[in-house]
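Just so it is clear, A, B, C and D label the chains in written order, and each chain counts residues from 1 on its own.
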Amino acid sequence: MLINVPETVVADALRGMAAAHPELTVDVEHRVVVRRDAPVAGKVALVSGGGSGHEPLHAGFVGPGMLSAACAGEVFTSPVPDQMVRAAAAVDSGAGVLFVVKNYTGDVLNFEMAAELADEEGVQVAQVLVNDDVAVTDSLFTAGRRGTGATLFVEKIAGAAAEEGAPLDRVAAIARQVNDASRSFGVALTSVTTPAKGSPTFDLPEGELELGVGIHGEPGRERRPMMTSREIADFAVDAVLEDLRPNGPVIALVNGMGATPLLELYGFNAEVQRVLTERGVVVARTLVGNYVTSLDMAGCSVTLCQVDEELVRLWDAPVQTPALRWGR
Amino acid sequence: MLINVPETVVADALRGMAAAHPELTVDVEHRVVVRRDAPVAGKVALVSGGGSGHEPLHAGFVGPGMLSAACAGEVFTSPVPDQMVRAAAAVDSGAGVLFVVKNYTGDVLNFEMAAELADEEGVQVAQVLVNDDVAVTDSLFTAGRRGTGATLFVEKIAGAAAEEGAPLDRVAAIARQVNDASRSFGVALTSVTTPAKGSPTFDLPEGELELGVGIHGEPGRERRPMMTSREIADFAVDAVLEDLRPNGPVIALVNGMGATPLLELYGFNAEVQRVLTERGVVVARTLVGNYVTSLDMAGCSVTLCQVDEELVRLWDAPVQTPALRWGR
Amino acid sequence: MLDADFFRRWMTTTAAAVDREAEHLTELDSAIGDADHGSNLQRGFTAVSAALEEEPPQTPGAVLMLAGRQLISTVGGASGPLYGTLLRRTGKALGDAATVTVAELAQALGSGVAAVAQLGGAQAGDKTMLDALLPAAEALGTSFEAARDAAREGALATVPLQARKGRASYLGERSIGHQDPGATSAALLIAALAETDGAAGGAV
Amino acid sequence: MLDADFFRRWMTTTAAAVDREAEHLTELDSAIGDADHGSNLQRGFTAVSAALEEEPPQTPGAVLMLAGRQLISTVGGASGPLYGTLLRRTGKALGDAATVTVAELAQALGSGVAAVAQLGGAQAGDKTMLDALLPAAEALGTSFEAARDAAREGALATVPLQARKGRASYLGERSIGHQDPGATSAALLIAALAETDGAAGGAV
């Protein structure tokens, strides 16, 4: 592992981000990354955050057109309410703050506490819960679907709406619409190793894969002998489509888990596009890359978001962040 | 590995690129990726290419402000002259073509043959050889320094000059200036596994690292027990500085080899910046990410390029490619 | 009667136990979670010890309130808010008395545990920290030792359960056969309480 | 006398040998290179066989020129241009005669090998394919078997050498103790020549 000691991994990374991105304000002590020009007068602010280890999510998505601030927790551990309150205070222009929360018990509880505290401090807060992972089936008997790839869609599209000046309730509504229209499925080819533990979280024998894996090394739904890229694409896309049943075009995120070479990921995208064509699904936009990762895990996930013209327009709107940049 | 069969890895990836990037023309059969609007009237074209497995290099750098076309070879194998000639023909507007060639015997020989053939077809060709890797020491008794991270600098900066309308000899001169002012040093924490071989190219026991490694799984200069991020930064930056001896500001590329988590890479950047500050080197710009990779190898490299105001201006100039985008 | 010092020692004893058992807790969390429970609590209770040393609160309630606030501010994850709430609400229920009886503590702990159930929405048998905390709060009406044993048994009894809350619930049936990390750390917390009492000469 | 058919069989025999030895060649290249030499030559000679079958050239020179062009167009890497040049320049030296003598081939091969040395800038002892090709071209003046043995010995003799050209040179002293993959494949090429001759009844 390319680290000093496990204890300083997050702070070290934030120092490195600060050096690489003068367009961001990085509060290393409190682990909050804020776009430099915040608060932007009259603009609704988006704040997200979560455990570290999923980079570029979330700090890599801070900037015009996307997040106003991100809070970095310890590796795979939700940040604490103090961070979120601090971030909200830093970015609120009076137009209110949307918390984008991935549906994990820790994130939900900490953001919930933060929302109460921020509210007490006079910040108007709305929340959107991202829960797109169809690998978590029986949501009545679980903590519910995890938030994974759809987080990027929510942050980008709601971020664009906020940048255009939409009010808080509208930004929150769009964020919820995007989440409701999105589903993901992930696959691991290797386990993940966290700095603190130093050895693989689950052990996955060479030549097997874990279907429906989470992004924290939570083991998946099922283990199988290695499948081809084609077979994995069939399985993952069908798992998503079965639940999403889109009746219009989609935006596709073909995401690497961190250690999957881009060469393989693009090859996987070819297979994803093939299945989608076979199933009659029209793809309006495609994004391929390592965006919602799990440290050094090899694997991939597919996220689809059903979109209308308005959502495509907001997706195409300019964005200027470390990890996602286009337009203008 | 997330693949179908080793034989189709490159073609599959190109199909996936084509689907994700409508702004590029991807010739899957001949493995040439061209910016859609090529040839651009009056503009010098930049053509590069090399073995696959280093993505986003080179195809991810095709677009306005950078490469006009890229040729993808088999994994870790230089492309063949036919591809380069085809690429040159597709992008030449009459203003000539610059071949950006990484200094490996295979790349050099194949581009040399292509240059002769293109010349016979009436295309004016210049070449720049990128050879920045200080890990290859005694260049009289070796194939000479390898081309690694500086390739990105050369392609970006010379690409910007070409976009501004500089003539071929000027673009080539700038490319050579950038290469001459750049040095790199790379470190591997794990070996790389190619699809064809299916097992690690070299074996590196857990808890050891390979200093001065290449990007094709060529073993490095020296093997050592695991070092901290801080120690690696000291070693790599000093190796570069010893050779470069800059007397002005530098642009820094802190590059991941493919499987190094961005969290760790940013942390490593913090250490790189610390050493540079300690050594009195001013950093004008920093880029952190997985740009010149070696499939699933964990590790990192540091490339420094000494710059003047003109080079910084060209670095900052707009670029619109899949992997590098800013400005405008 | 239990004074502020007793509560401070309970917290530092817990911190020591967590340090000792951190790797084991992470190991358990690695099997059915995300391999951070040990380091989470270690970070939290280190902060608790430091805060209590810096400005020692003068009442039992204040000790637990401060400890709970530290956990919320430093742990994160699921266990931060849950343990933080447990201690804060227990502390709150103790009011600002300078000393409290074991019975008062048992009652207060009961309301702390209820707050955890409310916040996390889990019930007995969901394979969470509640499976150690609920029986412990109940048994504390009898004695510290009974509470300690009840917590330990509650933790052990999570092994055959299928998780219905927290990260382990994603595993469905594959969560069966593993001991819940949060229930295990809850048993450490209660064992530290009994140990603190034992060190003080027993059943104060 | 050696006719076009002999040269076609030389090429297909080489293709079969490369198929058989591909993994071994890649293994050697993995130790001091980038683990692709086997698949590189496999891809190349498969294309050579296919091209020769599709439109069989009618003279020895044309067979080698076509084979060389195929290698250049399909292999890439260092070995593609080098082997491609070897065959093209050997073929060119044979001119458009319908049949050639062994002595003519030996002479032509000599100029092909010289072209390789010129293109790659390597010399004897640099631990490259030249270390098999140079002695083989020389020994072909004597017999096919002598050439085969000389190539094999040349390949084996690369083991103690330190590489000064190609990818293995990056390793410096660490390249010592490994057999050069290109010299090994060159020995296969020359062995295939001797085998083709043997199958045709020997010393045609």
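Criterion: a residue touches a chain if its C-beta (ideal position, glycine included) is under 8 Å from a C-beta of that chain, and two chains touch if they have at least 3 such contacts.
Remember, it's a predicted structure, so these values are computed and weren't measured experimentally.
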Chains in contact with chain A and also with chain B, listed by label, are none
Farthest chain from chain B by C-alpha centroid distance is chain C
Cα centre of chain C to Cα centre of chain D, whole Å, reads 74
Chain centres from averaged Cα atoms put chain B and chain C apart, in whole Å, by 53
Per the C-alpha means, the centres of chain B and chain D lie apart by a whole-Å value of 32
Touching two or more other chains in chain B are residues 75
Each of the following residues of chain D touches two or more other chains, namely none
The residues of chain A that touch chain B in their complex are 1-5, 8-10, 12-17, 19-20, 52-53, 55-56, 60, 75, 189, 228-230, 232, 254, 258-271, 273, 283, 286-288, 290, 293, 295-296, 298-300, 325-326, 328
Chain A partner, complex, touching residues on chain C are 26, 30-36, 38-40, 43, 72-82, 119-120, 162, 164-167, 169-172, 174
Per the touch rule, the chain B residues reaching chain D in their complex are 6, 51, 73-82, 104-106, 109-110, 112-113, 135-138, 141-143, 146, 194, 196-197, 201-202, 214, 216-219, 221
